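Notes follow once the structure below has been shown.
In order of appearance the chains are A, B, C, D and E, and numbering begins at 1 in each one.
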Amino acid sequence: MTNFLHYAWLIPSLPLLGFLINGLLRNKLSKTVSGGIGSAVILASFLLSLYFFVQVKNGNTYTAHYFDFISVGQFSIPFAFQIDQLSSLFLLIITGVGFLIHVYSTAYMHHETAPHFARYFAYLNLFVFSMLLLVMGANYVVMFMGWEGVGLCSYLLIGYWFKNNDYNNAAKKAFVMNRIGDLGFLVAVFWMMQVFGTVDYAGVFKQLPGSIPTSAIVGITLCLFVGAMGKSAQIPLYTWLPDAMAGPTPVSALIHAATMVTAGIYMIARSNVLYALAPTTMTVVALVGLATALLAATIALRQNDIKKVLAYSTVSQLGYMFLGLGVGAFTGAVFHVMTHAFFKALLFLGAGSVIHAMHHEQDMRHYGGLKKYLPITHFTMLIGCLAIAGIPPLSGFFSKDEILIHAFAANPLYYVAGIAGALMTAFYMFRLYTMTFLGSHRGHNHDEKPHESPLAMTVPLMVLAALAVGAGFLGIPELFAHQAHLLQSFLHPIFEKGESIMASYSHHQHPSHNVEWALLAGSVGLIVIVIFFAIRKFSKFTISTGQPSKFAQLLEGKWYVDELYDAVIVKPLLRFGGFLNTVIEKSGIDKAVNGIGKFVQYSSRQMRLLQSGNVGNYVLIMVVALIIIIRIILYN
Amino acid sequence: MNLVVLAGILGVVMMFTGLLVKQLRVVSGIAAAGLCVLFISNLWELYHAPFFTLPESSMLATTRFGLLINQILLLAGILYVVLFGRHIQVVGKHVADYYALIFFVYAGIGISTSYTNLLMLFLGIEIMSIPLYILTGSDKRNLKSNEAALKYFLMGSFSTGIMLMGIALIYGATGSFNVASMNTQLSFNLIVGILLLLISMSFKVSAAPFHFWTPDVYDGAPTAFTAFMATIVKVAAFAAFIHLFEGSFEMLNRKWQLLIAIIIACTLLVGNITAVFQQSVKRMLAYSSIAQAGFMMFALFAFNDASREGIVLYGAAYCLATLGLFAVLIKMEDYTFDGFNGLAKSQPLLAGVSTVFLLSLAGIPLTLGFFSKYYMVSAALSTGGKYLWLFVLAMLCAAISVYYYFRVIQAMYFKPLGGVPGTSTSLTTSTTRAFNYTLLVMALLVILLGLQPQLLLQFLYF
Amino acid sequence: MPIHYYIYQACVLFSIGVAGVLTRRNAIIIFMCIELMLNSVNLLLVAFSKLHYARAVAAGAAPTTGTEAQLFVFFIMVVAAAEVSVGLAIIVMMYRNVHNVDINFLNRLKH
Amino acid sequence: MLLSLLILIPLLAGLAAFFAGNQAKALALGGSLLTAAVMGYLLSMPAQSAALEFSASWLGSIRANFTLGLDGLGKVTTLLTAVAFPIIFLSIWPNNYRDAHQFYGLMLLTMAGLMGVFLATDALLFYFFWELALIPTYFLCSKWGGERRIAVSFKFFIYTFVGSLMMLIGIIYLYYKTPDQSFSWKSMTQAVLTAKEQAFFFWFFFVAFAIKMPIFPFHTWQPDAYEQSPTATTMVLSGIMVKMGLFGVVRWLLPLFPDMSTKMAPIVIVLCIVGMLYASLIAMRQSNIKRLVAYSSIAHIGLICAALFAQNELAFNGALIQLFSHGVNIIGLWIVIDLIEQQTGITKMDDLGGLAQKAPTMAVLLVVIALANIALPLTNAFVGEFLMFNGLFKYQPWYAVAAGISIILAAVYTLGMIQKVFYGTSQNALVVKDVKPGVAVALVALVVMILAFGIYPKPMLQFSGHHIDSLTSMLVK
Amino acid sequence: MNLTQVLFWLLSAVAVFSAIMVITRKNPVFSVLYLIITFFAISGHYILMNAQFLAIVNIIVYAGAIMVLFLFVLMLMNLNKESEPQKNKYMLWSGAIAGGMLMLVMIHALQTDVPEKINSIGAGDIGLIKNLGLTLFRDYVVPFELSSILFLSAMVGAVIIGKKE
């Protein structure tokens, strides 16, 4: 046993195995078995990941080269896995949260028939497999495989209830938008192959900083970022994510909150060296992230569907992460990915629990007063809300704070905008909380009281709540304690190069401790005020029949971005396709082709008239031809 | 030489047969036997000395090429009698006389493929033509036949006049009727003479714009005789045409090549395009014969060994396929395309062989038709790419030809039986076993030679 | 006489024959015009025969030169006679059927 | 000799099938399997083995010989043919055709023609087989096709016939320019042409291949033909026959006109890319599933052709892999479409829907194939398209980006198709049974190939690798 | 202008004039008669060129036999009156123009040759029966025999076509 890390292939293989078993035998397995298999393989993966994490923690990183995926001439793209700090951290998050959500799903999806239940777990396992491929890959191509794989699973899971065409449309939209991003990713890969001659992380970063022109790096990073935009739902490609809530809620928790959507962050963090060399791209990333954070937050303010609120919140939080990346807070962004995975998964699962209890009613206006029916859900949700709102000492506080401080260092305006977003977050989260759990119950049928979910669902909630509370302590800022940022020191080998490059040209002054204290206190204070305001405002919520204000309508309509896309891109494209189909194809090219045939027939009709049946005519033509021929030959 | 002499004798024999034998089948049998005799004697001549030695001054000299053409045409003749014998019997009363005329035509063919003197050319062409005028008009009560005969006769005589004018001018310029004498210093007399000769020969092979008699005559003549003149006589005329300019065309060089190119282009266009709109298969075949003539003219365009090979192949391909098609056509009640509807269901064999023949005419690989076209175009292309437009045009025309040939295939295979209610496609007479087998053999021959044309071409050299 | 006089005359007669074929519709007259064309050719051939004879005599060679052309004329006449018998038979046959010899009277075969 | 078996077996089986009556079906399957077996044996031979070449004299006087050769390029396409036909025959096993013996006979003849095209190393022989493959297809389409079959297949025939005749002129002309007046591939590549002649005949050849592929704007026969043909024939048409054009480009066009290929490459590539986008946009608007797949095929083929003209190693490799992959994928799609059509008679997508409930296995298999069609990683098409885009990017980045838009559009229409046919509420009137075991074997075989070559494409790359080395060295003089 | 020349011009004028009359006369019988005159004129030319055999044959065969046959047929058909129906003006003119053009073109094409004189009456005896007969049966016996085939076929044809059924 030379190096156990070489067996890294086991980690993704286990979910793949689960997928195959559940997928192929879905008509034969009982629900218990398929759910059990589905969860067990993830658990096994998790344990393996844990082992690997420990190994990495002890300083053993490893690149496992299995076989040449594509090898053409000088180019060779190996199928290789890279086990290092960043990937092992993500492995833990993915398999850990993934496992919890699998367990949760066994109860949540229990009303499905056995084959569909197995299909669900098959998809979920496949997703985990793809996600693992994405983070474990040692080069951009393997990452891309996972990248598209998760997109596929997202598609399959959003459209899980395939009888409903709205869901199918949402699934399709998600896939197509991801594809747009994927094209950017692909172009970046090609560009890298051309510039660096390789797509291995190690191979690429080894050549940096070097003689590679900045323009190329900016181009590559921008293209990569387009990919990230698609996958991580940033402006302008974010509209698929709220629609993706059509899938089962655990799916939203796993894919559309905890893991897949953070792939973009993972990718940029992974490519930190490249990005560090492209300040232009960094600015773009930061600005896009910030804009997304704010835009999504404003929309979330007026949503009534509990999952939609969480979805926009996710988009907003992803924006934060990109802001962090954009200002060079790589660790902060990854830290936020982690904490966000915990509390957002928690929130989604909590929401799922509520939905489960409310018989698939998702409109918060019909909730209210669920505190007494769903005590565990209520409590864990509250923790989640507090965490996302950034109340110390919950995890959200630390991670968000880290990003915001870096933003402040880069540009105080980023900070101001960031705080505005954070306040909105606090507001809409507690609007959600209040409308759901406080006040009086506004449900439709009062005969059947909502009841708490089974253990399979509440236990994951509790575990996640604990994590949401505790995860923050992995990244305690310098402000509180020296050298207590465990995550930073852990990830240091990954970001070292990028950060040093950034340090070489940026002259950001890290704010002094006093300023930092003041900022912290101010923001927390504001957040607390907003929370109380929200609770007050919505605890007496009733369904109003009045017309909301124009601005509120705008928010409710999500700034009408979907409609805009529809009008500007989708419809014209379809119309153009129709134009090509009917005008160019049918009455253009095809008509021209058929026209040749018609022309021949027409000339045939005309030409046969020469054959008049009249001998005089025949001879006349002969004689004329004779005269002409003699003329031509003799006098030419 | 065997052919000319024996054909003349056999023609007389047939005339007497008509007096002595009353059973029509026996008459046909004797004719077939006579053709076999001709076939064998010609084959003999291909490898041995002829039976009849003619004097030096006889103005006839056989060549391998001419003999091979004779051989092909004799084979076609045998097939013709087997396939059409029963139909010749119903054209009119003078069955034996028709055969006699056919034998006379063969005498003319023998002359046309071996003459060395313009006098012989003239005689040969006339001996071929006059029986044809008669055969065309042999369905005496049929006005179409009358009309065709009259048209054919008038226009044929007219072209004879032109030919004679050409010969006279050539004589004036060279002082000799020898074909070889045309290969001298060009003078205006000679040029005009050769041109007139060329035009009259173009008339005989129905090259545009001297083709006008063809559709009307082929359409009007009794189908049994149309088959004969559209195939055997036409190829013979081509052989004569080629033979005429064999030694002399090279020096006529570029200017003439342009002329030939224009004639080819006209012929291809007229033949192919006009055929597209035809409703009657018989008339379509007439136009198709014009179109095929266009391809055969490539031999004149090129004038090299390959073109001679081409003419041999083309003659064979064209004869076999067109004879076969006419043989099927003559059995049909309705000569229009719709008449062929559903033939594949009722007569799979006939449909199958017709398909082979049609494919061959269209020049689709695996059939002899492909190689015949290939050799023609190849021979012409070997002279250089100067007239590239002509080849492109030829190819486009070949594509157009697919249109009308495949209409028959479509009718046979893909259309339901009996397009018009009440009439079901049926044959006028049932087919005999010999008829079927002959067709089958022809189809197989077309395919076999389509795979290996050298089986035929080797006779040119060994 | 200069040879080209004969040539011209033959050409004129030939062309008149052609014009006759073109303009007339009576089959018999057309046929006669064709005969006229043949005769012009005959005239020309005889003229050429004499020309080549003269040339040969001038060159002191074979005194039979030119015979072949005159024989050719003979053959043309032979052929013409044969054609006439067939042609007139055809015309008579047509007349029997339709009682007309106008070539355009029968117009079933066209297009 | 072994090599000629690849042609002879289907040829003889095809001729036998005409007289085999009810046994034709089995004969077809058996013959194609036997061919596949021979193919497998040939593949196991070392690359330089003498068994991979075969020569017999044919037309001595014009130096056209019956020469066959199996090199890397040929391995890909012949393997595709050898594999695809048994699968097709298996998949149509439950179907009952009128005059089935003729149907199977013609199918086998097509197979023989295709094999010949891919094996011939003599230009005239190539042309011969080129047409041989076409004729039976014409009959197949015209006899067993849809309502408008006669007109459509006729258009198809004439269209491609014009193209091949152009090529024939080119072949003959080049023949006279070869140093030793022969049709062999080697001499043809040594033909000495002036620049003007090259330009002329490049297009002559190109048009022939472009019509076959088809490349915009020579494509209008294709959707009609695919729609109207019996689906089994469409499988052959779209899966293998279009490869004839691409194969022709690699085998003949590029080596014969190396300079002109480089010079004209931008025009051709732009045509291809315009065609890709054009076809993709039109595909989005199709309501008939067969036409949709047809247009999707135009888009995919356009990419392959563009890659071939990008003329670099990456693109060549990608294109060759894709030759195979595209065949596998599109045949899979047609099999599923055929299953649906045979049972319901419907090809309009709006009239279908919800089939996933009635035929879940079919749905799963279709989804996998459809995903391969849009080149998802770990499917076979990804490898090819990745390399091709990469090669195109290397040639000119903007081309790759423009072409890349088509992969987005591909997702749109492919997923749209899946959704309309399989998802949504089911139309209760439709009776659709799930796949039968025989057909399932065919489909699963395809899916296995899709995944196997998607995950481990190396064998396929190795087939073609050697050939591409020589090709690139030839082109990059 | 000696006698030969006078005769030449006279005969030529008669030939051309009567030829024109052949194609312009409405009554076919007149056409036949004018054609006979033309043939006589041409025979005159033959005599001028010392081709007596042909001159005789021309008169006997053509003017005598063939034209009589024509006349006979015309009479048989009772076509001795103006029988041509309404004339097509277009055909008439185009025919005349085409014929004229043909004449011009041919004359133009053939005029540039160096004019050579040919001997007239009495010069050379190749046109005499003796010479022609010798050559015919010595060198031209094969075509002579072959022309019998032609006649045979014409005979057969006349029987087939002309015989009333």
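The rule we apply is simple: contacts are C-beta pairs under 8 Å (C-beta built on N, C-alpha and C of every residue); 3 or more make two chains touch, one makes a residue touch a chain.
Computed from a predicted structure; not experimentally measured.
Minimum number of contact steps separating chain C from chain D: 2. Centroid distances built from C-alpha atoms place A farthest away from chain B. A comparison of C-alpha centroids places D closest to the centre of the full protein. Taking B-D and C-E together, the pair of chains sharing more C-beta contacts is C-E.
Taking the CA centroid of chain D as reference, the farthest chain centroid is that of E. With centres defined as mean CA coordinates, chain E is found 103 Å away from chain A.
In whole angstrom, the spacing between the mean C-alpha positions of chain A and chain C is 97.
With each centre defined as the average position of its C-alpha atoms, the distance from chain A to chain D rounds to 37 Å.
Rounded to whole angstrom, the centroid-to-centroid distance between chain D and chain E, based on C-alpha atoms, equals 71 Å.
The multi-chain contact residues of chain B, meaning those touching 2 or more other chains, are 119, 123, 126, 130, 133-134, 137, 140-141, 149-151, 154, 158, 169, 188, 191-192, 215-216, 403.
The multi-chain contact residues of chain A, meaning those touching 2 or more other chains, are 597, 608, 611, 613, 615-617, 619-620, 623, 626, 630, 634.
Chain E has residues 88, 91, 94-95, 98-99, 102, 106, 109-110, 113, 140, 143, 147, 150, 153-154, 157, 161 in contact with two or more other chains.
Every pair of chains in contact is given here: A-B, A-C, A-D, A-E, B-C, B-D, B-E, C-E. Only residues 608-609, 611-616, 619-620, 623 of chain A touch chain C when the two sit together in their complex. Residue ranges of chain C in contact with chain A, taken from their complex: 18, 21-23, 25, 30, 103-104, 107-111. On the chain C side of its complex with chain B, the touching residues are 3, 7, 10, 14, 17, 21, 27, 30-31, 34, 37-38, 40-41, 44-45, 47-48, 51-52, 55, 65, 68-69, 71-72, 75-76, 79, 82-83, 86-87, 90-91, 93-94, 97-98, 103, 106-110. On chain B, the positions that touch chain E within their shared complex are 4, 8, 11-12, 15, 54-55, 57-60, 92-94, 97-98, 100-101, 104, 107-108, 111, 119-120, 123, 126-127, 130-131, 133-134, 137-138, 140-141, 149, 169, 187-189, 191-192.
Touching chain A in their complex are the following residues of chain D: 155, 158-159, 217, 219-221, 278, 281-286, 313-314, 317, 354, 356-357, 360, 364, 371, 376-378, 382-383, 386-387, 389-390, 393-394, 397, 400-401, 404-405, 407-408, 411-412, 415-416, 419, 422-426, 456-458, 461, 465.
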